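Each of the next two complexes has subunit A plus one other chain: subunit B in the first, subunit C in the second.
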Partner chain A sequence: MASEPGLVRPAAPLDRQARTRRTRELSDGHFALLIGLPVIAFLIAVVGYPLIYSIWMSLHKIVFFGGYRATFAGLDNYASVLHDEQFWWSTWVTIRFTIESVLLTMVLGLLIALLLNRRLMLGGLIRTLIFLPWCVSLYGAGLMFAYLARSQTGLGTAILGLLGIDATTDFLSGSSIIEVLAIGNAWTMAPLVAMFILANLKTIPTRLYDLAAIDRLSAFETFRYVTLPPIRFSLFVFTSITTVLSMKLFDFIFVLSGGGPGTASATLTYQVYKRSFKELNLGLGSAMSFYLLFLIIGSTLLLFLLWGRKEKPL
Partner chain B sequence: MKRREFGLMTSALALATALPFRSAAAAEDFKASSGQPIYFRGWQFATDVVQSNVKRYNDTQAGKVDYATVTGDYPAIMEQNLMAGSELDVLYANPSSAVRYYGGGWVMPAEELPNIEEIKADFLPQFLDAWSYDGKLLGLSYFASCRGCIHTNLLAYEKAGFSDKDFPKNWDELYEQVYALHDKGIETPILPHWFGEYFGISWGFVFEVLNRGNQIADPRTHKPLLTTEASGAAYKTLAAWKKLWNSKLVPEEVMTYSEAAYIDAYASGRYVFSPQQIYDLQVFNKVGRSQIAGHSTILPVGDHPWGIIDSALYLMTKRDRPDAVTQDVKKFTSWYGYKDDTGKVAIAERWVQENMLFSAYKSVMDDEKTAERVRKAVARPDDYKTVLDVYKATPFPAGIWKVVWSEEFNAYLKDTLANFLTQDGDIVATITAMNDKITELNEKYGI
Partner chain C sequence: MAKIDLRRVEKRYGDYVAVETLDLSIVDGEFLVMLGPSGCGKTTTLNMIAGLDYPSAGEIFFDGQDVTAVTPHARNVAMVFQSSLLYPHLTVRRNIESSLRHTDLPASEKARRITEAVRMLELEPMLDKLPSQMSGGQRQRAATAKAIVREPSVFLLDEPLSALDAALRLSLRSELVNLQKRLGTTAVFVTHDQVEAMTMGDRIAVMSRGRLEQIGTPDEIYNQPASLFVAAFLGSPPMNLIAGEIAEGCFRAGRLSVPVEAAPGPATLGVRPQHARLADVASAETLPATVYALEHLGRESVVILEDEAGMKLRVLVEPSFHARVGDKAALAPDPSFCMLFGADGLRLPVGLARAA
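And now, the complex of A and B:
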């Protein structure tokens, strides 16, 4: 059949077509740009417009009473923010909350991933159950942690009760509220981190662990030299992501502590909300939100300089 | 025909013609005619009751009322909706928010309702005054209550060796007794009004200062009136709070409580005194809901009243919509907020029966069924009179609530007072800062 002339003859035009196609073929970069274009256009529409409008608001004094009025204020709002004691307090609260949240999330996520990487009975079910907290709304999680941490209904009081101690625990105090918030935040984010690290762990060839066993590496050495190197990039990426998510968290904090007691847990997002929507000072609130944006960009940039640039994706 | 006979005859004639006309008009007046939905929003309280009330209106009056609740910081969220001209026609509001919304030009006063004179004639005078701004009644009665009356756990009180005759007559005596109760072994004698809602710690300060005999701002000019002398109401209040905080008798977490958590905490029976809503007497005396059921009372009026008027209105928005829809909004508001098509103040009466929410209408409060409902909620027969006395004497902070900056000052007060406690603030500096804030807000709004 293959030697029939009718079937062999079209070979020459096909070659020509293939050559033409090769010359028209897009580079990887162009292809990526092409498929990314709709997303870029979407982002410009949904992020670009509000961003530009926020910049405009931050440069104006906006009044709603007696009819909407906006007067140009230059950089006054930005200067006012820097003179606001509450802003500096909230910056400190945000940094403290973010550091605690990120550390807890990453450690917890890594531990869950290592656990799930083992052969487990009902592994699929356990993976699903562990992933569930990520699916819980932050509002619901806030309510739940408020109940768990409160003396009236809390876990601490229940445990003391089981031990026969008639006392209550007060975790929603000024000294421990940030820790309660960080634990709750880590509870919601760690499953996602765990799933991605787990996916990464699954790519490590088992023969590397066999070799480690032959070389009689301890468990810690095996983790350090076999497990850690391929997941370091993922750890960096998720440290950056959880940093950003923690800094811009609002609803969970609003529900759990309302920024209190007093202003003990008033993060920058809470302060922006208060200035913008309680005091109706949208110009000042917008200016403050840009400081928050600078803080987020600065933190991730610092992470990249100290850690990320040393890492390469596998 | 004698003059008297003529008078009787014309009266009878007028009555005979007016009655059928009136009932026919009443039946017709509330029927929705635009065919458009009316958006009705409120906070989360007994939503099943509201839903069934709305359903009754929709079923009987061809209405298309769309009811939903709003979760979170209610006054701020509603303000954003009003400013944005969102789909919102009727809403709940506290009087202070109502004044702000009216000042912003986002709501229309109840004066625009056709039967407003009849409605106003049925108002209890103190609420007509509290809910009027610029001489106009802003909304219709949702509930009219007293927040901050001192609920008392008789089980613990009597166990500590106290009885009715020892009841404190003023705030100073109350605090003295708190320490006396602690000395007798009660670990947490008081649950103060320091919870984390917008009507928590800030309102706690407002009613204590008012009860002690001072205004926070002038009711007419809104100029600040707090004084820094040690004998002043604000100073005495903050000094008492600081002492209580430093004594560690109050768990710090109370500042993060929601209202539900605050009610639950008192219902647990761990506390002796707590300033609460007057209508929550029925919660605290309910078997299965409260650990002190049948043993919860409120302190009678002594040297001064307790608490402040806590109330809410149904407001109508002024958003851009066709006139026919606006007419439907008025019909629904009138039906829901006052008399329905049967001529009864049915919704308000139902609130009394279901949740013991008092009304601003005389016809509801003077009704024997209301009295019967209150009697059922109290622990002892004599408590009925106490409830009515406390309710009648409750003051209203017009200086800071009948002004457009009310909610802004309230938010400021909430943070300032919580920081005063948690950061061991200076009393004089805190009072001075409050006065300065009022002055700043007056300047901001040109008052």
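And now, the complex of A and C:
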């Protein structure tokens, strides 16, 4: 108030009154803590407790038969995981599935975004329809893709039938099951990526494309100099997000392939599930889940170091 | 350098007519301003000259050559867009270079042109800056440099100054015209600002609702407006337009009466604020009104009057003039400077009777 010249300053008693009242008020930090408390409590209950419990489990040998026993085993579980051939196979499956999923999702998302950025008849309706796959539950999507890939009911067999070829295709085989999973995974995630990229594309002034036309930039140059810069940050963010989501995907795989045929599609999440709940080796499963966590953190960190550091948010 | 002819050019978007059969000749080396309110078709016309948009009908000629279906780059046009658009993440240097990226010029010639343009627009200190790190005026100069390195046949400017603040706009106006005259390149400048049009253009083409209302020098446009629209759109403060009727050699609107030589019928009388004076409220043949506001412009003042129907009228007065809001006054137009517009909005080609 003193900064406004010409204003009469309030009388001193009032001033003092205000100050004594303030001492009874909470500081900003305390107030933030107070209103944040329910959330903090909730997070401790649903994140902190399971996390600590699984660390505890990973350090113990847990036996159910003949009565529940948990004996401290140190890092034995972590060591056994490294000697588990299935673990290394699953790591490879996870990496292959993740790379395929991320590439497909990003390319598909970008293409959808570029398509939706054009003036379309019934644009709103088309946007809604394209967004729908993201709203489908992974359980439902899993059933649907299993149905489409299977030999009797599958898309491939139907197409061959239309061409007059009497043969069946089975994409649920060991050699292509990961691709089927990746396509299904991309089908559910791409719409979300597309919407965010579309939002970025909408910020590009259309006159910039006119400028590119006057400079006779090729389609590739126009993409590189006009379209790409504002979406690069989103591309990085969504590459990271889809990497994480793909690595920890479980329900879709569980429904579609059940990790099979054989162990062809047993990703790490599936392997953790199998070790923990089918074989009831909770200690080993927990230890393996931490290796998965390290893989997720490691790959996103790598993404950040190789790519993300160069990107600036808009 | 080129002479540009638009012959019966038309642009439709479905049922919407953006530009209606336009005939326009742009003389080699002139600075033509296309003026009009938003949605009048001026930018669409500019896009068609650029080749960014193709006419629905009609032809466009550059130096007698039909370029109607030729791409922008092949027409060798350069364009400066609103807010001086540049590729946002390229430095000024690379922005300027991108103009010449797809030309067959030898590298030495490219370098010479860029150096020349950079020197001319004093861009040396900011060649490695990004557009976002520069002020509006600097961006404008960078966009201009990007345009001139191509040595285009025509400069097309789409409201390049509209996003700048008033003081900067003022200085860039003369800077642009000076540059255009030095280079001698034909320029087409689109704006909705009548002051820009008057100060910059060799000729002004006034457009309204997809039609060319009038084309002429600033003097012609200002002193001999072809239509009511042109008369109302140009001039600051704006022209007073009074609706009335011509009968028995006089234009009449209420008590106002001005002697004219024109055929009887409904008409609109136009008189610029500097050609009207304030008269005693009781005087005959004037328009009675009350003072609504007084605007001081320094060198002169504008009295804004409101007549009984609520219409605003403006009169230029001496800066020493004093009046209070609500004072009664009357407007007396100078008959020798009055214009008459017919019911169709066109100016009536009549001499006004010499005032006694």
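Operating definition for what follows: the second predicted complex is superposed on the first by the 266 of 314 C-alpha atoms of A that agree within 3 Å, B and C clash if a C-alpha of one lies under 4 Å from a C-alpha of the other, contacts with A are read in each partner's own complex, and residues count from 1 in each chain.
Everything below uses one rule, namely that contacts are C-beta pairs under 8 Å (C-beta built on N, C-alpha and C of every residue); 3 or more make two chains touch, one makes a residue touch a chain.
Every value quoted in this text rests on a predicted model; they were computed, and no experiment measured them.
After superposition on subunit A, the partners subunit B and subunit C are seen to fit next to each other with no clash.
Between subunit B and subunit C, more residues of subunit A are touched by B. Look at A:Gly66: by the touch rule set out above, it reaches subunit B but stays clear of subunit C. Look at A:Gly140: by the touch rule set out above, it reaches neither subunit B nor subunit C. Applying the stated contact rule after C-alpha superposition, one finds that A:Gly36 touches neither subunit B nor subunit C. Residue contacts after overlaying the shared chain place A:Gly48 against neither subunit B nor subunit C. By the touch criterion defined above, A:Gly161 lies against neither subunit B nor subunit C after alignment on the C-alpha atoms of chain A.
Once chain A of one complex is fitted onto chain A of the other, the partner contacts of A:Ile214 are limited to subunit C, with no touch recorded for subunit B.
Of all Cα pairs spanning subunit B and subunit C in the superposition, the closest are 51 Å apart. The contact surfaces that subunit B and subunit C form on subunit A in the two complexes do not overlap at any residue. Those residues of subunit B whose C-beta lies close enough to touch subunit A in the complex are 71-73, 76, 79-80, 83, 103-105, 196-197, 251-253, 255-258, 261, 264-265, 268, 404, 407-408, 411, 415, 418-419, 421-423, 445. In the complex of the two chains, the subunit C residues touching subunit A come out as 47, 50-52, 71-73, 77-79, 81-82, 85-90, 98-99, 101-102, 158. Only residues 64-67, 139, 146, 149-153, 168, 170-174, 177, 254, 256-264, 266, 274, 277-280 of subunit A touch subunit B when the two sit together in their complex.
Note for the complex: subunit A touches subunit C at residues 205, 207-208, 210-211, 213-217, 221, 225-226, 229.
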